[in-house]
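Two complexes are shown next, each including chain A; its partner changes from chain B in the first to chain C in the second.
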Partner chain A sequence: MFKKYMSTSMVILFLLVSFSMAFASEGPGGNDRKGKYTYRKVYKACAKTGGVESATPKISPADKTMGQWQEIFENKNFDEFGCMDNWSVLPDKDILDIYSYFYNHASDSPSPATCK
Partner chain B sequence: MKQRYLPKVFMALIVISSLLFSFQSAFASTPKIEDEALGRTLARQAVKDNKRWSTIDHSKIDALNKDFKTGEEITKACISCHSEAATQFHKTIHWTWLASGDKKDIRYGKAGYSVNNFCISGNAMEDKGCLSCHTSWNKKGVEGDVNCLKCHNDSGFNFNEALGDIKAFLEDGDPDTNEIATDLQQEVKEAVSQVTFPTRKNCGDCHFKGGGGDGVKHGDLDTSLTKPNRMLDVHMGTDGKNFTCTRCHTTVDHHIAGRIYTNPAVETRKSLIEDDLAPKITCVSCHSDEPHKNDSKMNDHTNVVSCQACHIPEYARVNPTMMWWDWTKAGKMKNGKPYIEKGPFGKPVYKSIKGEFKWEKNVKPEYFWSNGSQTSTTINDVIDPAKVVKVSHPVGDKNDPESRIFPFKIHRGKQPYDKVNKKLLAPMLSGEKGYWETFDMNKAIEHGNKTLGIPYSGEFDYVETTYAFPITHMVAPKENALNCNQCHIRKNSRLANITGLYMPGRDKSSLMDTIGWLSVFGALAGVLLHGIGRFFTRNGKEE
Partner chain C sequence: MKINKMKILILAMVAGLIMATGCTASQTAKTAETAKVDTSWMFHDIVDAAFVKANIAVPMPENVILIDARPYKGKYVSGYIPGAVSIPFSQFDKNINLLPTDKNALLIYYCQGVKCKLSHKSAKKAEKLGYTNVKVYAKGYPEWISLKGNYGAFEAEHVAKLIADNNTVIVDARPLKTKFVKGHIPTAVSIPFSQFDTLKGKLPRDINTPIVFYCGGLKCRLSHKSAVKAIEMGYTNVKVFDKGYPEWKKMYGASKEAMQVTAGTVEGSIDIKRFKDILEKDPESILLIDVRDKDEFAKGSFKTAVNIPVEDLEPKIKDLSDKKPVVFVCSTGARSGEAFYMVKDVRESLKDVYYVEAEIDFKSDGTFVIKEPK
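Let's look at the complex of A and B:
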């Protein structure tokens, strides 16, 4: 009985650890490739209405670290980006994709990206 | 009495006539204000009617109006008309990365045994980190297809990124990303049609940023030359003649004129007057070898001093350039992670993956004799680690009629060498086994040397090295050319290390000075003695 109890506990513990490890894996789970183009689309739309001078975004993923982007996107603090009218209508899925793009290409990521 | 004074009057008349004649001649030889130096007249003639004309608008060509999915498809479209372009290009150094036309001769070239004291080696194109500057699609090197757009497109569009994204979006089956892919393909189509002869930006995207960043390597080639003014470069200034690189680096069958490692750009200098088919790569071709005004002493220098020596007083005049790279310092961590430290000019002075750097701006060149060729120490050459190893250094001599005193940037550094075999080493930098991942220099060297088939003893150390770059761009306007007294001066002459020849103003001979002064005082003493003697021995002969 005791052996059975121990085995079951071990299995449950193993599953819990694996499950938490999955959550603990770094970064948001959005489509970062799609997020890149969604981000550019925001600025193209904003430039058309005169919200910004150029359609090329001024802020690049490599401008901050992964930790800094995590704080900005988890608190939805997009003031720095400007074009608030365009950001406010973005669905959560698009914001997650943009967050993934910034996080995965931050200055301390394996492949930092800048907007040209 | 009249007879006594007649000779004196006659002598006086001769002296006055001579003075008047000389005075008139002096005025007569003064150049008119509108007279121009020969070099300028010839150069103006050489670039007259510089406008290009074309018989094609590439946006109207059906082969280019397609929804491209890959770069290879684009190249196929290009060579559907330009049928021989790829074949021609495959025989050039921009494709092979080898100096020799014989693919078996891998002595010199990024894909061969050549090294530098920056990122050191291309490891036979195995180091994929270098291949972003290879003219193939998707860093495939010579295994891939020619990327014509790298040189022949001025849209500034990132084709590699866009085509990679198009492929991924079309494969993931998401209607949203399919829509993005369709928009992207339209952008690619619009950008592809902007076909052009190479612009400064096309060449500069690689040649301004060699060594890992803007201005790292050459000193006279950086992004400030994309849109320079005349003050930075009189030839390329957008407010002047706005020359592209290929205006001087002329091209035949995609072979672009210029020095290739040990092979000089030209064997002899010729002006277009002497030979209208002469390469335009040298100053002499357009400006002739007597480019200054007729009565100018500067024309007497042109068989000894290069044009560049006087007309490029400093390099890196807008953006700084790297002067030192010490690999011995690489590998330090902060909190267990690699880091970057920035210094003056906002440039990195330390990177864990590379070591320690120093940068400078407005740099005075160092001068050496040069006949246009340079030595090249490869990883297959034995070195003396007790001395500074000259990885690349000018070849020339004061007795060589083709040699001139030429300005150079000398980049200094420390890089690894084989302690047993006494040869420079070629560590792999990027990729799984590269130093930038493992921070294990020994393993990186093992892997890197293997790509080139050069044995490694397993023991390495570091040696100090130099690498010379000729300074030939960033030609300043003539009013900023060097003054005579920047070379012809006793102390701090720019040519202090050019020895074995006499330079007035810089050099002195104590023996000649002594003889000279003795002669001067001797003559003065002689005149005085003669005069005194005449005075005291006149014996009342005058009335």
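Let's look at the complex of A and C:
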């Protein structure tokens, strides 16, 4: 009885791990190419209104791990990015794209962002 | 005495009449003689437009050749009887190879009307070469084009001129999906003959607007059938470019067909196989923009690529040509993807834009390796 219970639990655990790994590897599911453009566009607009000095964003996806970006974007905690006025008007789709850009090119991702 | 005077008067009148009629008769004889002399230059076998019409077809029958004996540049290029080949009389000896090998084939020569001798001279030469069935359509192109229901044909270079003049509607009569979208003459509108009745509203409102129909070359009837329908609708200036798109491609390049870019699976991306194909066969057919930094570009890039680093791209987007598809490249797809979305955002009207979603390893010797995304 115990053996049967254990084997069933192992199968369930295996399936859960497999599913979570599969979903984790897919990332947020947005358009990371578009996200990169939108992210830079936010800073260009912000620089024009004097929100930041440089139109080139200071934060790069490779500055943090996937897990860290996940926490920031899922909690919508964009304080360290600055330019809050610009972030607050972004549609959810654009935020998802930017999230995908940061997540897919995080320091521990298969393709971390370079300075470009 | 009075009677004698009357007799003299009557005799004088009769003599005058005889002299007058005699003189007229002799003049008539002289005119006829002159006319006879004037027609001696003509070929002995003259045919009319009905004969020409009865013997030509699309495609042209193998044993029939309709020959335009007028100068190529001044006359043939800007209007000829559909199906006619150009063998100007001045070039007769150089172009004997264009005549059929079968000496019994029907040769119909024409030129610029009854006073034009070129067709007659050509016909005589052809007969001397041994051709047994030679005719001259003496009233030639001026009569042909004036007859109701008839239309002329143009050469490609004249079509190019019409496009530049921008006052002629060019109509592609081929099927839309299988032919037109794969390549067509610039500015052409698509009215496939099979849909002529439903799409004829695309023709200009002014019935005097020049219209040129074309299709897939000398064996294709679609342009001719469309021309006939347009004439029936009342259009007064209808022509065909009977050598059609194959001739256009030969003269002015493959146009859209070679430039045809196939989208990849990712939004905005170009199909990688198609991209490789274009690079190999017709790289000039696309505007290839390398958006990497100048130092990266200097170390190696595609031969036909121009370098506009993505940071410098935005102000230049408005100047990008819309004549060719634009394809952005970089080393991973990140910057080229950014460039793609930048164009979509800044200049939405530029539709034919793509980027290469792949890793590209550029070598200094000009070679490269493209790794498709898994």
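The rule is simple: the second predicted complex is superposed on the first by the 87 of 116 C-alpha atoms of A that agree within 3 Å, B and C clash if a C-alpha of one lies under 4 Å from a C-alpha of the other, contacts with A are read in each partner's own complex, and residues count from 1 in each chain.
Convention: a residue touches a chain if its C-beta (ideal position, glycine included) is under 8 Å from a C-beta of that chain, and two chains touch if they have at least 3 such contacts.
Note that the structure is predicted; figures quoted are calculated from it, not measured.
With the two structures aligned on chain A, chain B clashes with chain C.
Once the two complexes are overlaid on the shared chain, A:Arg33 sits against chain B and chain C alike. Contact with chain C, but none with chain B, is seen for A:Ser111 once the two complexes are overlaid on the shared chain.
Counting the residues of chain A touched by each of chain B and chain C gives the higher count for C. Stretch 343-351 of chain C is the one among 55-63, 91-99 or 343-351 that clashes with chain B after the shared chain A is superposed.
Looking at chain A, you'll find residues 31, 33-34, 36-37, 116 touch chain B in one structure and chain C in the other.
Against chain B, the residues of chain A that register as touching in their complex are 31, 33-34, 36-37, 108, 116. Per the touch definition, chain B reaches chain A in the complex via residues 156, 158, 165, 168-169, 174, 176-177, 180, 184, 337. Contact residues of chain A toward chain C in the complex are 31, 33-34, 36-38, 40-41, 105, 111, 113, 116.
Interface of chain C with chain A (complex): residues 266-268, 293, 332-335, 337-338, 340-342, 345, 355, 357.
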